[in-house]
């Protein structure tokens, strides 16, 4: 047999559902080994550092949210979107439960917190487009966003899961508008060129990993719960939104980057460029390498 | 005088041209220059510098006027030292990130937290050095002052401050450096201007050339401030 | 001795009980205590402390063995000073965040960047204070040493180091504090242990009680280290 | 009036565990009226500087009391001022600023200080170096700043710790005469510590001779008669020759005693 | 052999713009053979310490040259060693460590140093304070560490800047006799700066009298005859009385000259 292909994979260690669980499956099972890989797993903290690791050629594949793929392409880093992990939960424009605001258009003259550079950036602007005098501000992390919202320093905040579901369940926050956050696996072009055929093998293994996850939910969610200290039940609840979560057969697992997802990323690309956040509106479609 | 810069620049340019440096991490000098020109032309750089200067200046200024008096107090009174030193030593290593939620709670969003974080960062070097400086004032010179029944203010201004000046200025230099370091973390909180803002947004967007422009300006300001402080030191501590 | 802590604790507990403090931002003492007990029981806290200690220790150790000799060199030779000072002054205020990309490029992901970032953070206070300390060594004591034709090593160890010791230790104290500050930024990069990791993941997951546990341990370590350094200072600088 | 009432002193021990430090001064009793000049001589390390520090209030006696005009000395006061052995001028202050510092303590308003300070400097012949910093001055010049500084305090009791050790004969004579005149006019009490018998004899109405380990007063000379008008004329004074020989005999005796007790 | 060949010196100016600083020393010429003792006396601030610094090599002449055995002095050397005015002992080193420091410079191996250092300390009668730090010692004791330290360097030329100013008569006599013996035996050249005419006369084979502004040598006394065996016996020496009167007359003359030139 051929020597196993070395593959270095970065995934978010906490704070992003699905990516974290699938990453842990890749790390703790021998699925990739069976597919001819010698994997090295890096649990990283945020999209910024994963992007940096990818462009520095310290990792080959990162698992992250759509906005990062758009940015990588927009800045000219040659990379492929090789799989979708499906929905990682929701992201939502929220207010405090006792706030009088019911709809986004009531945010006139109000302050909305988000995190620039993440997937929370675009919806914050898009969903408040046309509301006069709305002020969009950036925070360093979710903790800061919640602190600001809780202490009434801002009127609304973009949040994502699991805090979103957690806060809503506990009755702290109310959702004004939400949409699923979609996750993507990105490979550097270098990796694909260095290892012909590896992408296909990886995609196969990746699909198996997702399958392992959804068929061993309890075990995997427990792993994740131990690391993140997020309640196991909450993880399960948030994960339910994922399209693969209840699949019972490997063939039913869908890791393709769907045309709708591509459209969404295109929209993001155009949006970022229109707001002068990126310089280029990248060609998304040609950078997508869906499994055969 | 600037030769290490010249060497660094040549190395950087040469290696970049030879394709030895990943341009996503360290773009060639020419693209940094281009980014610099663009940022200058759009007025964004000037405005950012002014914003950050304002934030750093305020935070650092608050540090100066709190850390130095506190340091003198702690350094000259064992009672005060025993009371507050444990708390100060406890707070010293707490990272800025950990302060952020409290900063928002106390100072809202806007410039408040920036002032607070740059203040926290520059506070401790100034404080520690002031305390040490004051504690190391010559016992003999103090005895002379007591012998002449100098007033407390006179002892402060005529003995303690001049004696501890070298240490104090050294702390101020370090503190100013750290205030700038902190401004990046600070400008993540609800600001949309400033060199820190420029750096961290550009970093998220992989615009490394713009990151470097921000670093360049921060570095230059630091150098300038330091030159000023060294000059001040030479003027004030002329007797050694 | 610990009275400011007692006051702070009472205030915190009282206001929490009265519902005056938002538990998302500052949970009541009792839940912090519970989180502390849990983190202790699971062994996670001990292991995290050891990991961070290792990283801080390494970075800070590298700082010590590079900044002190460099400081002595720069402080005692105007030639070296004129050559490297501008570069050092330029680098001093560059924020850790801005170093992250280069840290990843140079040191990969894993512990390398942590060592680098904690090193950077503690390097400059030690350096600046060492330089100032060396520059302020009594000209007269140096003249005595020259008169006796003391060797360069003897001048270093018998005159320069003892004279600048108070300033040096002051720099080391500040540096150690900053190394801990930096460890949070450092442990964002691909580590999954450590107090910094604990703090920022808990913050991201809104587990403020766990954030406070991390801060508590960092604060305690800082206090402990400082007590040690103050004791060392008293032992070494016994002649003032 | 200055009165030392059986003063004993030991330095608080710092480093050698709980073993008590030795007595530095033992049974020191003497008194000096206003206008009286007392000289103290004795071997190096016998406790002369310590004695002055006790009178100044910078140190407190371990046993016994120091009384000035009947009240116990509990701390330093501008009325008892010291010229320190080793000068201890402030290196960060120019000659004139060193004096102004004292004038400020006395509450002299700012605009009067410089002129007054220059006046004191001229008493020690340093007016032309008013704006020089100590590191630009010679040892003797620094010592003279110390003298002028003490004069500027206008104390009732002047404590002089080897104040003329770095001065040449001519300068010394001038400064001593200046000092004597001021002190006599203002009826100041002067305690002079010196190793120079000429000075001790010429200045002191009384000379206390000390011995070491523990520091104690062994002999007191009363010298109100037979003094020449000038320090320089001392060599021709019969009384001074007697004094000198007595002192050296006694000091040599002390020395012997220490070696063969 | 030590030779000063028309040495002029001014301090490089630091603060007063481009105005040149005044001459501190002007036309200093003298020579001293091995085994010769030279005393230098003169008013405070006339440049005596500066002169010693020039000989030691710590300062370089602005004009003229300092030669030792025919080669020009370009920097400090252990063969020309100074006892500094103001002692300048290292406060962070105990008495014995202050001496060991010099022995280390001489390349004495570590295990021999302490014993040797104690030996030098005993020459100045400080052996029982070997492990005390300067701040625990009296002024005179610190001065004696300075003396022992210079002796420990075993130099060819000893430069003494008011080395006995804080010592009492008895201690001084003992130290001077020790010093004289060592210097005579080893044929050292000694240059002594002092304000004490007794010392200058008793020690110097030759005495240079200096005047100030600019510092220059105005008179030289040759004193190879008529010296008593003991410093204490000086009072009875006819020659010394003559010397003393001459010196004071000349110095007073200089003084007058400065006031009414």
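Letters are used for the chains, namely A, B, C, D and E, taken in the order the chains are written, and counting of residues starts over at 1 for each.
Following the convention adopted for this analysis, a contact is a pair of C-beta atoms (placed from the backbone, for glycine too) under 8 Å apart; a residue touches a chain by one contact, two chains touch by 3 or more.
The UniProt protein names, listed by chain, are B, C = ABC transporter permease; D, E = ABC transporter ATP-binding protein.
Everything quoted here is computed from the prediction, not taken from an experiment.
Note on connectivity: the fewest chain-to-chain touch steps from chain A to chain E number 2. Under the contact definition, chain B and chain E share the contacting chains C, D. By number of C-beta pairs in contact, chains B-C lead all other pairings. With every chain reduced to the mean of its CA atoms, the largest distance from chain E is reached by A.
If each chain is reduced to the centroid of its CA atoms, chain D and chain E end up 25 Å from each other. As a whole-number value, the distance joining the C-alpha centres of chain B and chain C reads 15 Å.
Computed centre separation for the pair chain A/chain B is 36 angstrom, with centres defined by C-alpha atoms. Taking each chain's centre as the average of its CA atoms, chain C and chain E sit 50 Å apart. Under the contact definition stated at the top, the residues of chain B that touch 2 or more other chains are 22, 25, 97, 100-101, 104-105, 185, 200, 203, 237-238, 240. Counting partners per residue, chain D has 86 as the residues that reach two or more other chains.
Residue positions 52, 56, 141, 143-144, 147, 151 of chain A are each in touch with at least two other chains. Residue ranges of chain C in contact with chain A, taken from their complex: 22, 24-25, 100-101, 104-105, 108-110, 188-190, 192, 200-208, 210-211. Note for the complex: chain E touches chain D at residues 11, 41-45, 47-49, 85-87, 136-141, 143-144, 161-162, 165-172, 195-197, 232, 235, 241, 244, 247-248, 251-252, 254-255.
Interface of chain E with chain C (complex): residues 56, 58, 75-78, 81-82, 84, 86, 88, 90-93, 101-102, 104-105, 133-135, 149, 153. In the complex of the two chains, the chain A residues touching chain B come out as 47-48, 51-52, 55-57, 71-72, 74-75, 77, 111, 113, 116-118, 137-141, 143-144, 147-148, 151, 153-154, 277-278. Those residues of chain A that touch chain C in the complex are listed here as 10, 13-15, 42-46, 49, 52-53, 56, 58-59, 141-144, 146-147, 150-151, 162-163, 166, 227-230.
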